[in-house]
Amino acid sequence: MSIRILVTGGTFDKEYNELNGTLFFKDTHLPEMLKLGRCKLQVDIRTLMLVDSLDMTDEDRKLIVDHCSKIADERILITHGTDTIDQTARTLAEAKLPKTIVLTGAMIPYKFGSSDGLFNLGSALGFVQTLPHGVYVAMNGRYFLWNRVRKNRSTGEFEEI
Amino acid sequence: MSIRILVTGGTFDKEYNELNGTLFFKDTHLPEMLKLGRCKLQVDIRTLMLVDSLDMTDEDRKLIVDHCSKIADERILITHGTDTIDQTARTLAEAKLPKTIVLTGAMIPYKFGSSDGLFNLGSALGFVQTLPHGVYVAMNGRYFLWNRVRKNRSTGEFEEI
Amino acid sequence: MSIRILVTGGTFDKEYNELNGTLFFKDTHLPEMLKLGRCKLQVDIRTLMLVDSLDMTDEDRKLIVDHCSKIADERILITHGTDTIDQTARTLAEAKLPKTIVLTGAMIPYKFGSSDGLFNLGSALGFVQTLPHGVYVAMNGRYFLWNRVRKNRSTGEFEEI
Amino acid sequence: MSIRILVTGGTFDKEYNELNGTLFFKDTHLPEMLKLGRCKLQVDIRTLMLVDSLDMTDEDRKLIVDHCSKIADERILITHGTDTIDQTARTLAEAKLPKTIVLTGAMIPYKFGSSDGLFNLGSALGFVQTLPHGVYVAMNGRYFLWNRVRKNRSTGEFEEI
C-alpha cells in the first residue's frame, strides 16, 4: 500500500533558534521520524510549505487541495499546525476527492524530546491505511471526521462536536 | 470507544540496570507513553506479565487468551516481545474470539531515547480502532494478519508471508 | 566540599508552552539535572529568580551580589541567561568577595533534549571546586575570567577578550 | 589550552543491538557529545580501544600508559569503564608522568537518553583544565585522587577512601 505524506509545517517541524530564542522552520523531520519508527511502508514525502498554521492563507489551502487532487495516491497523510487544522480539513472535504485524507499535528516540536509527534504520526499512519474515503483529523490517539472536530484552546485537546 | 491494553513485557518495557549492565523489567511504561502522546482515548491498562517473549510459556499464552476471552472489551491492544509475537497471535487466532486484537512490540526499549515504541503504540492504537474483528500484528507502521507475518531475524523487520 | 547553587533563570530553565507556542519559566530543572548526573556533591540549591537575562535589572543583580555576600559558602555556582551573564559577572567582581563564583548558562533549554545544559553544569561544577577565588564564566567547556569574556552574538559562542 | 582525549570504551560508548538485545561497541560518541555541549576547547580525540573495563587486560593498560607517556599533551582525559577505572588510574599513577590525567566513565550509555555521560564529561573537562599534575577519577560531580577512590558496587557511586 503506497501512502503520500504532504508536509505543511506546524509545531511538528519547528526548531529552536539558539541565537535569538525564537522558533523557526528549517527542514521537515518526517524522514527522521519514520526512520526512528522503523517504518517500512511505501511512503512518498513531499514538502508543500513550512508554515505556522496561523499564517496559512487561502492560497496555501488551495495549493494543498490541488496537490491532493492531482496526485494518483488514494491515501494521503498531511502534517499541519493544530490551530487551523480543522479549516484545512474543511477545505479538503469540500473538494469531495475519492480519497482517504488524514491530517495530523503535534503540540510539542519533534526536536524537543518530549514531543507527541511520533505517537501522532504512528496513529495517523494507522488511520490512513484503514479508514474509508473521507477527510479526518488524527490527534490524541483518536480520529475525527472533518466536520466533527475542534481544538479546545484552553486544554490543547481535540474534541468531538 | 473503549480499548483494553494488555501488557506482557518485551523490549518495550525493558530497562537498563546500571549496577550490572543487564536489561530487566521494573514496571510498564505504557501510562507514561500514552501521556507523552497526549492520548485521550478511554483505555484500561492491565499488566498480565513482564517477560522477554523468548521466555514466554504455553501457560503464559493461555493466560493471555483467557484474559482476552473473559473481558467485555471488543478492542484489545497487546504489547509483546517481538521474537514470539507471531506465536501468541496464532494462539489468540485459534480461540476465534469475536474481537479486534492487535499485538505490537518494539525493537528498542522505550527508555533508550531512540525507541520505535511510541510510533508503534500510535499505529497499533490506530489499527485497533479501525480494523474488523481478527488478530493482527502491528510493526514497522504496517499491520499484518496473524497468519501472514514473520519477523526477519537478520533485519529485525516484519514481513508479509 | 559544600557548594551553593543559585538559580536565576535563563535558557537553562525555559519550557515550551504548548498552548500558545511561547517559552516560559515554571520551575528550575537543576535538581533533576543533578540527579541525572548522579551528582553526589553536597549542594544547596536556591532559586533567586527565574528571568530571561535580557530582563534582568540592576536590582536583580544587587540581590544576587547581596545573596553571595551574606551566605557562608565559599564556592558558588550561578545559573544565568547567556545574554547578560558578563554584566552580572562584572557586578559580582566589583563586590570583591573572597569566594570562587562561577556563572554558567545554556544555549538550548534543558527540556529540549539536545541541550548543552548538562555538559555546562558538569564543567561549571568542575571549575567551582578547583579555581581560586574570583568570578568566572563557564561556557563551551572553557572558563573565562569575568573581565576577559564576551558572547559572540553571531555564533553564540563565548570568546576570550 | 590543548587537551588530549583518549577513548577506551566502557558504558559511555555502549550501544543496544536491536537484533539480539545485547550491548556492543560500534564507535565512540565523544565527538557527538562535545558537539552537543558546544565545546570549543582544542581537543584531540584518539580511540585506543573499545572494551568493557572488566575485559581490560594488563597489556591494554600498558598501551594506555605508553600512549600517555609518549604524547606531548600535558592534560589528558580518559574515558573508561567504571568497574576497573581505579586499576587503570593506579597503573597510570605508578608511571609518575608529569601530567594531569583525569579518568571518567558513565553508569548509563550515552545513547540511552538518561545518561550521566554528558555531565561526567563536562566535569572531567573542568577538572583536567584546573587540577595540578596527578592522576584523578572524576565521577558523581566529584574528583578523587587515584589512591583515594573506590566504586561502591551496591550503590554504583564512587566514594573517597
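Residue numbering begins at 1 within each chain, and the chains themselves are lettered A, B, C and D in the order written.
The rule is simple: a contact is a pair of C-beta atoms (placed from the backbone, for glycine too) under 8 Å apart; a residue touches a chain by one contact, two chains touch by 3 or more.
Keep in mind that this is a model prediction, so the values were computed, not measured.
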Discussion item. Suppose chain centres are the mean of their C-alpha atoms. Which chain sits farthest from chain D?
Written reply: A
Fill in: Centre-to-centre distance between chain D and chain C (centres being mean Cα positions), rounded to whole Å
26
Worksheet entry | CA centroid of chain B to CA centroid of chain D, Å | 39
Worksheet item: If you average the CA atoms of chain A and of chain D, how far apart do the two points sit, in angstrom?
Response: 44
Item to complete: Mind pulling the residue numbers of chain C that touch at least two other chains?
Response: 107, 114, 156
Worksheet item: What topology does the chain touch graph have (line, ring, star, complete, other)?
Response: ring
Worksheet entry | All pairs of touching chains, each written as two labels joined by a dash | A-B, A-C, B-D, C-D
Fill in: Contact footprint of chain B on chain A as seen in their complex
33-34, 36-41, 107, 114-116, 118-127, 129-131, 138-143, 156-158
Worksheet, complete the sentence: Listed in rising order, chain B residues that touch chain D in their complex are 11, 14, 16, 18-19, 21, 23, 52, 107-109, 111-114, 153-154, 156
